[in-house]
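Common to both upcoming complexes is chain A, partnered first by chain B, then by chain C.
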Partner chain A sequence: MKKIINQVENIVDEMLKGIVKAHPDHLKRVEGFNVLVRKDAPVAGKVALISGGGSGHEPSHGGFVGRGMLDGAVAGEVFTSPTPDQVFEGIKVIDSGKGVLLIIKNYSGDVMNFEMAAEMAEMEGIKVDKVIVNDDVAVENSTYTTGRRGVAGTIFVHKIAGAAAEEGMELSEVKRVAEKVIANTRTMGMSLGPCIVPAAGKPSFELGEEEIEMGLGIHGEPGTHRESISSADEITTHMVEKILSDIPFDEGQEVAVLVNGLGATPLMELYIANRKVAELLEERKLKTVKTIVGNFMTSLEMPGFSVSIIKLDKELKELLEKTADTPAYK
Partner chain B sequence: MNWPSVKDLANRLSNKKGDVILMNKEMFLKALELLSDRIIDSKELLNDLDTQIGDSDHGSNMTRGFTEAKKKIDMVKDKDFSTILKTIAMTLISTVGGASGPLYGTAFLKASMSVKDREVLVGEDFIKIHENVISGIKQRGHAERGHKTMLDAIIPAYEAFKESIEAGEDLKIASQKATDAAKEGMEYTKGIKAIKGRASFLGDRSIGHVDPGATSSFIIINAINDVIKEG
Partner chain C sequence: MKKIINQVENIVDEMLKGIVKAHPDHLKRVEGFNVLVRKDAPVAGKVALISGGGSGHEPSHGGFVGRGMLDGAVAGEVFTSPTPDQVFEGIKVIDSGKGVLLIIKNYSGDVMNFEMAAEMAEMEGIKVDKVIVNDDVAVENSTYTTGRRGVAGTIFVHKIAGAAAEEGMELSEVKRVAEKVIANTRTMGMSLGPCIVPAAGKPSFELGEEEIEMGLGIHGEPGTHRESISSADEITTHMVEKILSDIPFDEGQEVAVLVNGLGATPLMELYIANRKVAELLEERKLKTVKTIVGNFMTSLEMPGFSVSIIKLDKELKELLEKTADTPAYK
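Coming up: the complex of A and B.
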């Protein structure tokens, strides 16, 4: 394992220190906790948004803390959800009295730890509510499973619900908007190889030279199936078709697209994939009103990417187009 | 004349060499230390199992929690059973993270609530601990038996234990039966599909792999049994 790290146990702390040094105008750290909050937190009269999860997904989640997106981000150990006391501390620091919305990705650990934090906050008289992001179409959606994972589509939730909060909406309204985003966002991912979780020190899975993993998650957990590597266009087509067949998309529907790198795929390849995504959406007569390409929800050094598509109505489109000012999204 | 209280009597009885029907304070602390050490020693094994169907960190997370818990146990070892278990619970909740943190944290918290005012533990106490631990885990994780989770080791252990105690067998025998049942339950998870947790995202691909959570639960039950066995 070759990595630019010091002691494994200091990774998160040292990373957070580095983020704050890089973005002192946007962020500050809650002393003694692995929590980043807006420089001006708590923002008076505004519903606050908090998200978080394991580290290793940078710029998620600290990179989205700032005006128009998150008020706080909690960093767990690498790929491990943060503990309730950490989330609770974040909630306390960002709450201005208008309430706090927890944006949770659908993993048992994240859900349980954030729920425990919400219980702690309620005991202190803080108004909290939550939404659970589950945009991954690769996962079987059945009542007999934990449900779908939350992956890169979470960025749309941060952006659009963040704009709603910035506009002065009440907690229940911000939650309604967030849930509408979740209901209309779908993501599919793939990878060319594993990543190495520092504490484990070895690859998260093994892939043959000619193999790719389709439908994998953002923690190096195995995907739905393996296949032989094919061209960028074939891979992209497979992913977009999987998304478009999951919910009805009518001709003329306005959408936004996120082509997200998992950490080790060059922008060159992401743009090649995006070219094909745009072509496929045009063929389906869908109107792409915004395209975002880059590394937003990564999986350490994993090569691969995901495609997220969100169906927009007037409200979601307007909120998506509002300006945001965060380290990783402007 | 001062008659010894029932608790005092029980404590003295349990200290007699060869008497294994009770767990006294000394055994209790020994069990906690041993189960912590066994979890820490199993770091690689648990990480490897988690690599198959999860995200490779169950061993690392549990090791972080129990390393910290061991230090805290040392600080509160003179306190009562309930306080010691509660200290472990809070330590696990605030250090483990992932799904294991809230689940094992809740388990130890429920165990702590089950032994208030106890100075020795008898078979009935272990039944009560099991029952509260199981209901706590179910509530926190929204899981049931057969979902390929820690419950698949703990519930069979509880059933075997209860049956044995109710049949009048002593703690040593009941504990061994519970451990055997936990092991069987752990092995059973290999053949079933995950319904809960990250492994459920794999669907049928989760079949053929032993659940890491059921494994860590077996390790804990087995460690407690080893202390009870020695008396």
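Coming up: the complex of A and C.
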């Protein structure tokens, strides 16, 4: 295992220190916790948003802390849910009295621990609510979930619900917007190979020289099937069709697209894939109003990518287009 | 070779199409050429900046086309200089009459072809000038250069000279600023492994299971030496010391830092390295006023990273802090 790390047990702590050193204008760390919050938290008069999960998905979620997106992000160990006390601490620090929305990716551990933290917060009189993101169309249940997994489409929840909160909406309204994003977002991913969890020290699975896995999860959970590698266009077409067959679209529907790298895929390849995504959506007479290409929800150094598509109505489109100012999304 | 590509010969064309589809508000392609220019090019009354080089370094350079940075970027084949006619076409499209500055990374092929394009432009009465970036402290000469290589520090040239042009400076002044950036910028890189140039289909070199290469170039050119992998802190310390021993710094000097991923290094690891960079600079009583962490000058899917440090005076600091609006830097 070759990695730019020191002691395995210090990875998350040292990473958080490095983020704070890089982005002191955007965020600060809650002392003694693996929690990053907006530098100006709590923001008076604003509903606060918190997300998080296992580390190894950077820039998710700390990179999205800032004006117009998250107020807090909780970092667990690599591919491991943060504990309830960490999440609870984050909730306490960011709550301005207007309440806190928890944005949880659908993984059993995350759901359990965030819900436990929500209960702890309610017991202290903090108003909390939650949404569970389940955008992955690949599989119905998975190694770590009941129901669909929450993957890269979560970025749209952070962005759009974050804008709703910034606009001054109440907690119930911010939740309504977040639920609408979730209902209209679908993601499909694929991988060319595994990644290595530092504490394990070896790849989580093996793929043959010419083999790829379709529908893989962001922790290396199995997807729908393995196949021989084909062209970028064939792979991308399969992914987009899987998404479009899952949610009915009308001609002229406005959408936004996220072509997300899993960590080791060159931007060159993501753009080649994006070219095909754009072409396929044009053929279906969908109107792409925003496209995001890059590494947003990674899986350590996994090679591969995902495509997320969100159907936009007027409200979602306007909120998506609001400015945000975070380390990883502006 | 597993890559998200179609025909090898179409990679650059398809990548450029994918970039334009993703960023139609920032840039457009010069029809029939592998040249991206600002959507509003030529920008009246403004000195224009053009850069470029082989493809495979994305987001360099097309990702930096936009307000406050580049007016044009020319994309050669992977790791291959763009031809003079391509560069010439870019110069013609972006020139508003105020002249064009060519920002060339020091590689023999780039220097030759950009200079030839400059001559062609001059023959057509276009005012042009050039700067050559040579920030890499690793080696004095290299496989593809006489003198030091131009690598990730080029981003500081794009940003700061771009701001100078946006402020309305004349060509000679923009060049003076760019030269000052180059004189004050140093970069040192390292790699954990090779990348695969698509047309070659196999890795450009081999490293042992536990071996790393210090000072490697962005095309896989040899560095200073190979050694066994050590901790992130040891590697980072070596890199920062190599830089600081190359350029005299006084206590209290203001600097900016770029921790740049080469393509396949997780952001987690870049932040761990950044934590150590920040610590080392604090020990030397240098004052870091800006830190940039991410993939800016990549080498396809090479694992590894570089550290760039620039000494800032009042002028450079103010220009660095101006806003820019490009796909990869805001």
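Assume the second predicted complex is superposed on the first by the 325 of 330 C-alpha atoms of A that agree within 3 Å, B and C clash if a C-alpha of one lies under 4 Å from a C-alpha of the other, contacts with A are read in each partner's own complex, and residues count from 1 in each chain.
Heads up, the rule we're going with is that a contact is a pair of C-beta atoms (placed from the backbone, for glycine too) under 8 Å apart; a residue touches a chain by one contact, two chains touch by 3 or more.
It should be emphasised that the depicted structure is a prediction, and the values quoted were computed from it without experimental measurement.
Of the two partner chains, chain B is the only one touched by A:S204; chain C is not. By the document's definition of touching, neither partner reaches A:A73: not chain B, not chain C.
Within the superposed three-chain model, A:P82 lies in touch with chain B and out of touch with chain C [touch as defined at top]. Look at A:I310: by the touch rule set out above, it reaches neither chain B nor chain C. Taking chain A as the reference, the larger set of touched residues comes from C, when chain B and chain C are compared. By the touch criterion defined above, A:K3 reaches chain C but does not reach chain B.
No residue of chain A touches both chain B in one complex and chain C in the other. Residues of chain A touching chain B in their complex: 54, 76-85, 107-109, 112-113, 116, 136, 139-140, 144-146, 148-149, 197, 199-200, 202, 204-205, 217, 219-222, 224. On chain B, the positions that touch chain A within their shared complex are 47, 51, 53-57, 60-61, 64, 93-103, 140-141, 194-198, 200-203, 205. Chain C meets chain A in the complex at residues 2-6, 11, 14-19, 21-23, 55-56, 58-59, 63, 192-193, 209-210, 212, 229, 231-233, 235-236, 259, 263-275, 278, 288, 291-293, 295, 298, 300-301, 303, 305, 330.
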